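So that you can tell them apart, the chains are marked A, B, C and D in the order they are listed, and the count of residues begins at 1 in each.
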Amino acid sequence: MKNKNRMSGQEFAELFKKVSNWGRWGPNEERGTLNYLTSVRLRAATELFRSGRSVSMAIPINEVAGPDNPHPPVHHMIRTYDVHSKLGEPQFVLDYFGTEVHGDCHTHIDALCHVAYKGELYNGKPTSAVTSQGPDLMDITTYAHGIVGRGVLLDIPRLRDVKWLEPGEAVTDDELEAAEKAEGVRLGEGDMFLFRTGHHRRRLELGPWNNGYDGEGRAGLDPNTMLMLHERKVAVFLPDGDGETVPSNVEGVAYPIHALQIAAMGMACADNLQFEELAKICEEEHRWEFMVVLAPLRLPRGTGSLLNPIAIF
Amino acid sequence: MKNKNRMSGQEFAELFKKVSNWGRWGPNEERGTLNYLTSVRLRAATELFRSGRSVSMAIPINEVAGPDNPHPPVHHMIRTYDVHSKLGEPQFVLDYFGTEVHGDCHTHIDALCHVAYKGELYNGKPTSAVTSQGPDLMDITTYAHGIVGRGVLLDIPRLRDVKWLEPGEAVTDDELEAAEKAEGVRLGEGDMFLFRTGHHRRRLELGPWNNGYDGEGRAGLDPNTMLMLHERKVAVFLPDGDGETVPSNVEGVAYPIHALQIAAMGMACADNLQFEELAKICEEEHRWEFMVVLAPLRLPRGTGSLLNPIAIF
Amino acid sequence: MKNKNRMSGQEFAELFKKVSNWGRWGPNEERGTLNYLTSVRLRAATELFRSGRSVSMAIPINEVAGPDNPHPPVHHMIRTYDVHSKLGEPQFVLDYFGTEVHGDCHTHIDALCHVAYKGELYNGKPTSAVTSQGPDLMDITTYAHGIVGRGVLLDIPRLRDVKWLEPGEAVTDDELEAAEKAEGVRLGEGDMFLFRTGHHRRRLELGPWNNGYDGEGRAGLDPNTMLMLHERKVAVFLPDGDGETVPSNVEGVAYPIHALQIAAMGMACADNLQFEELAKICEEEHRWEFMVVLAPLRLPRGTGSLLNPIAIF
Amino acid sequence: MKNKNRMSGQEFAELFKKVSNWGRWGPNEERGTLNYLTSVRLRAATELFRSGRSVSMAIPINEVAGPDNPHPPVHHMIRTYDVHSKLGEPQFVLDYFGTEVHGDCHTHIDALCHVAYKGELYNGKPTSAVTSQGPDLMDITTYAHGIVGRGVLLDIPRLRDVKWLEPGEAVTDDELEAAEKAEGVRLGEGDMFLFRTGHHRRRLELGPWNNGYDGEGRAGLDPNTMLMLHERKVAVFLPDGDGETVPSNVEGVAYPIHALQIAAMGMACADNLQFEELAKICEEEHRWEFMVVLAPLRLPRGTGSLLNPIAIF
C-alpha cells in the first residue's frame, strides 16, 4: 500500500519545510491557520443553516481507568442535599472536576504550545517558553473568543463501506479526494476538516484499547496529506482518534501529524472527537458540511482544553 | 424604591406557582424552557449574522484565592519540555486542571439538578435524586448538544449611564423594558437573556469582593421580573453576577432568582459571565442582539460546567 | 475446612453483639479499643528496644491505575528549577499530591466513621452524622496524637511454609494460636495485631489483581477470630490485605471483619500494609514483637488517612 | 542587635562551606545528617520513656484560603451513607484529599531535593536531577523507614517570657545556649532540634498573616547558629515557622537557613510544626527532651510530605 511507504527523516524534514507557516503572518503571531478563517468564510458557514439542529462531537467524559485512560479524571460531589444552608431556601448541590487536559480518550483541543519539533514551537519559538509555571506564549487563550466556521466531514469508513479503519491504517490524499466526491463537498480555505476513521465506533463496539506505541496503535492520516491541507488552506483539524497513524511510517518521528499541523503549520487541532451522532444526521440531511463552533475554556497558561465541539445544521 | 419592597414568603410562594413550568412539557422532561428554543427560533438567530465576529463572554479562569474565590482551581503543568520522550519527535507538554464547577467568580452553567426549593427540584423531582454519587437526573448532559440561539443583551448600566450597579440594587421589569427601548430590541420566545449589571467591570476596577451574605452583596433582578421572563417565554438566562440581588428582598428566601428560574421554570442559567468585550462590540455594531452558542462539557453526573459562552455577530 | 463453614445472618448478629464495645467506655467515647492501650502498655512496648532499627510497613504509593487501583492518585510537580525566584537564592521545587484516602492497594488507616453496620456506627451513632460535608464525629483526628504501642506480627505464610495465602482463604483462631506458639509471642491487652497473609508478596510476584467481589478475592480472617481479639483486648489491627476474606462466609455480610472490628468493637484498623521488609528483620532479630508508631495526618473531618506505619526494634 | 548584623554574600559563601557535609558520607549518599542518628542514639532516646504520653506536633490541616494558605487543600467526601452498596452490609464512606506538599501553614517535611543553592543540591548534585517528572534522587522516600530519635525543644518565648517572637526577629546561638541552660538539656549528636518561636501561638491568637517577603515576615534563626548545629552534629530540625527570619539578614539570600541546612548540611528538616500542646506537657513533666517519631508518606518522587510528628514521653 502506498500509505505504508516509509518516509525518511530527510523527506520528513522537507515536508515540514513545505507546509511551514513560520513567519507567514508575522514573527510573533499565534493564530496560525486561523488566519484563513476570515469573517467572509464565517458568514459562508452561516449560510448552511437549514434545520437548526445542533449536535455534540464530544465523547462523554470517561471517569473509568482503562488502556486509553490511564489517569482518569477526578469527579466528586462536594455538597449534596443532605445538609441545609443556614441562609434558607433554595438549596444547592455542587461538584468538583479535575482532569489532565490531553490524553487518548477525552475530546480536547491543543494549544500551539503543546507540541515542539526538534526544540522549536510553531513560528520558531523556543521550548524554553514553556516552564513548570506554564507557557509564556501560544496558550489556549489564543482561542478564547471561540472558533466558528464551516466544518466538512470526510467519512472514510463510509467511503470504504466498513465500520471503521483498523489501527495502523493511514489515509492518503487520494482517498480524501474520493470522500469529497462521494459526499459532494470540497475542503477549502478557512474550513474545519472533520476526519472520521471510526475510531470511536470501534471503541464503542470492541471496548477501549491501548492505541499508543506500546499497544495496538490507531488509524490516521498519511503525512503527505498535509500538502493537500496546506494548499487548500484548511484552518482547523477535528479528527476522531488524533489524526496520527500509530505506528507512523516516518523514520524517527512518532507523531508526524502533530509535528506538521501544530509545529509547522500552526493549525488549530482537537483530538478524540466522536462523530457517531453527527454521521447519522449527515445521512439524514444528506450533507456533510455544516457550521461548527468550538469554545475552549478560557484558561490562562493552559496547554489545551477539554472541549465540546458543536455542529449546527 | 419599588425594588426594595419586601416580598413575603406567601407572596413568593404564589410567584413560584405562577411561573412554574412543572408538567408543562411532560412529567419526566428535563429541558425546561429550552423547549421554547425551537429550530425556527434558532434559524432566526442565524439571520443576525453580518460581521462574522465572535467574542467570549467568559471571565478568564482565576486561580488566585480571594473573597469571591475561596477554593481556587488547581492548575499544574504535568510535563514540560525538560524531559524527552523515548519515542522521539515531536515532544509534548501537558497540564492538569481541577476546579469546583460553581462559585462566585467563574463563568459556568448550572444543571437543573443544582437547585432545590423546599425539597423539590424542577418538575417536582425529589432531592433524593442527587446523592454522593451524583445526580440521577437533570445533570449537565441535558445540554450536551449545545445551546444555540438568539441572545439579547439588556445593559442596565448603559441605560442608567453608570459604570455599574451597586451591590444590593435590584432591577425591575420597568427598567428591563426601558433597556429594550433604548437598544431597539425585544426579548421574545426562545431568546437568551443576557443581563448586565456591570458586576465584572466593578470587579476589574475595584478588585474582587465578597458578594455573598457575609459580605457586600451583589446587584441583580427583582423577583417579579420572572413574570415578564415567563410571559415572554425566555429560554436562557446569562447574567454577569448571577441574577440575584444580595441581600434579597424576599422573606426567608436567600436566592429567589435561582429558585424561580431553575426550580420553578426549568430555565437554562449560567452565572458570572462578563460582558466587557461584548458591550464594546455592541456599541460598535450598534445592535444588542446576536447569535449565542453555549457548549458545556459533556460530563455525566455533572451539576454544571465551566463555560466559555460565545457571541457571534 | 472449618473456615469455610457458612455463618448465618443470625449467627453473625450474635457475634456482633458478643464483641460489641458499645457503651463500654461511655456513650460519646470515640477511642474504642485504644482504651486498652494504656501508658503501662506503652511503656512495656518501649522495653522491646534493642537494635534501634526502624522499618516501614507502607506500600510505596502507587500512581499506576490497575485492577486494585481504579482511581490512582494525582501527583504532579508544580514548580521545578526551570524558573528562578525573583527573591534570589535558594531555589525551591514543589509538588502536589491528591488521593482517595481508602482503596485496595494504598496503606491507610480507617477512622471509626468509615464503617456502618445496618445504619449504625460504632457506639450506636447514626449514619446521619456523616454528610457531604464530612463526619461530625469519629473522624481521623481521634488518632491525632498518634498510636504507639507493642506490635505482634502473626505470620501465617511462615507458619504454613507457603509464600502466601490464596484469595478466599480464611484464617481461624487455632491458626493464630499456632502462629503465636511458633513465634514465641502472645497477643495481649493493648497490643497491635499485625496480620500477615502474604497479600503484598503475592502482588509483587504475580502482579496486582482485582481483590474484590467482582474479581479473585483476597485472604483474611474468619469472623470468629474476633472473639479471640475481643477476649485478648487487642487495641489495633494492622493487616496486609484488609483482614477480610473475599468472598466472605457470612450470609448477607460482604465485609464482616470491618463490621465487627470497626462498627462493633471500635478498633483502630489500618488496611493494605506490607510486611516484606519487616518479616526479614523479624527473622534476623528472631522476634516478632516490637514497638509500632502510627501517625495519621491530622485532617479534620477525614474518614481516614494514608499512613506510613513504622516498626522499631 | 547582634542578630541584625548584615551578612555579606561572601561571608555567607564561607559559612556555607564551613557547615557543608558534601562528600562526608560518600558521593551519592542521601541521608545527610541522619548519619548522626545511629542506633546508639536511637536507644538513648527510648530511655526517655516514662509517662507513655504521646502528642502531635502537627497543625490541623487547614482548608481555608488565607494569607499564609493561598492554595488550600482539596478535601471532599466521595461517598456518604446516602447510597447503599449492592454487596450488602456493612456500608462505607470515603473521602478525597489533595494538597500542595509544602507551603507556609501546613506541617510538612522537606526532601533534600526541595532546595538548591546556586544550581546545586545537597552533595553537589545538579538541579537537572529534578524535572517535570519529579526528582531522580533525594526524594522523600529517603526517609521511608521513618525518623526516630531524641527530640530537644528549645523554647525561646519561654526563655524570654513572651508569648511569641515577632516577625523579623532572629535567634542567635547565645540564646539557644541560654535556653538549654534554662531547660537543663543539651543538643547533641544525632538529636532532633525542636525550635519554638511561638509562630503558631501568634497565628492562633492574632489570626493568620502573610509571613513571606511581600507580607509581615517571620521569626527564625540567625544563620550563624548553623555553626553550632554543625558542631553539635544535630540530625533533624523541627521548627514552628520554618526556621527562617524574614526578611533575612543575608545579602542576596532570601532563605539562608534552608540553603545551609538542606543544600549544605543535608539535614532532615520539617516546617510549620506547632508546639502548643507539646509545650504544656513539657511544663507538666518538667522536661524538654523526649522521643520523636516522624513517618512521612512513602511517596516515590515526592519533594516532601505532609507530616504528623509525634513526641512520646
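Here is the rule we go by: a contact is a pair of C-beta atoms (placed from the backbone, for glycine too) under 8 Å apart; a residue touches a chain by one contact, two chains touch by 3 or more.
All of these numbers come straight from a predicted model, not from anything done at the bench.
Listing every chain that touches chain B and chain D alike gives A, C. In terms of C-beta pairs in contact, C-D outnumbers the other of C-D and B-C.
At the interface between chain A and chain B, over half of the residue numbers appear on both sides, which makes the contact a same-residue one.
Centre-to-centre separation between chain B and chain C, using Cα means, comes to 47 Å. Work out the mean CA point of chain C and of chain D, and you get 28 Å between them. Looking at chain B, residues 74, 77-78, 80, 82, 96, 98, 128, 131-133 sit in touch with two or more other chains.
Considering their complex, residues 64-66, 69-72, 74, 77-80, 82-83, 98, 131-133 of chain D touch chain B. By the touch criterion stated above, chain D contacts chain C in their complex at residues 38-43, 46, 49-56, 58-61, 63, 74-75, 77-78, 80-81, 85, 87-102, 107, 113-119, 127-128, 130-135, 141, 144-148, 213, 252-255, 258-259, 262-263, 277, 293-304, 306-310, 312. On the side of chain D, the complex with chain A involves touching residues 74, 76-78, 80, 82, 96, 98, 132.
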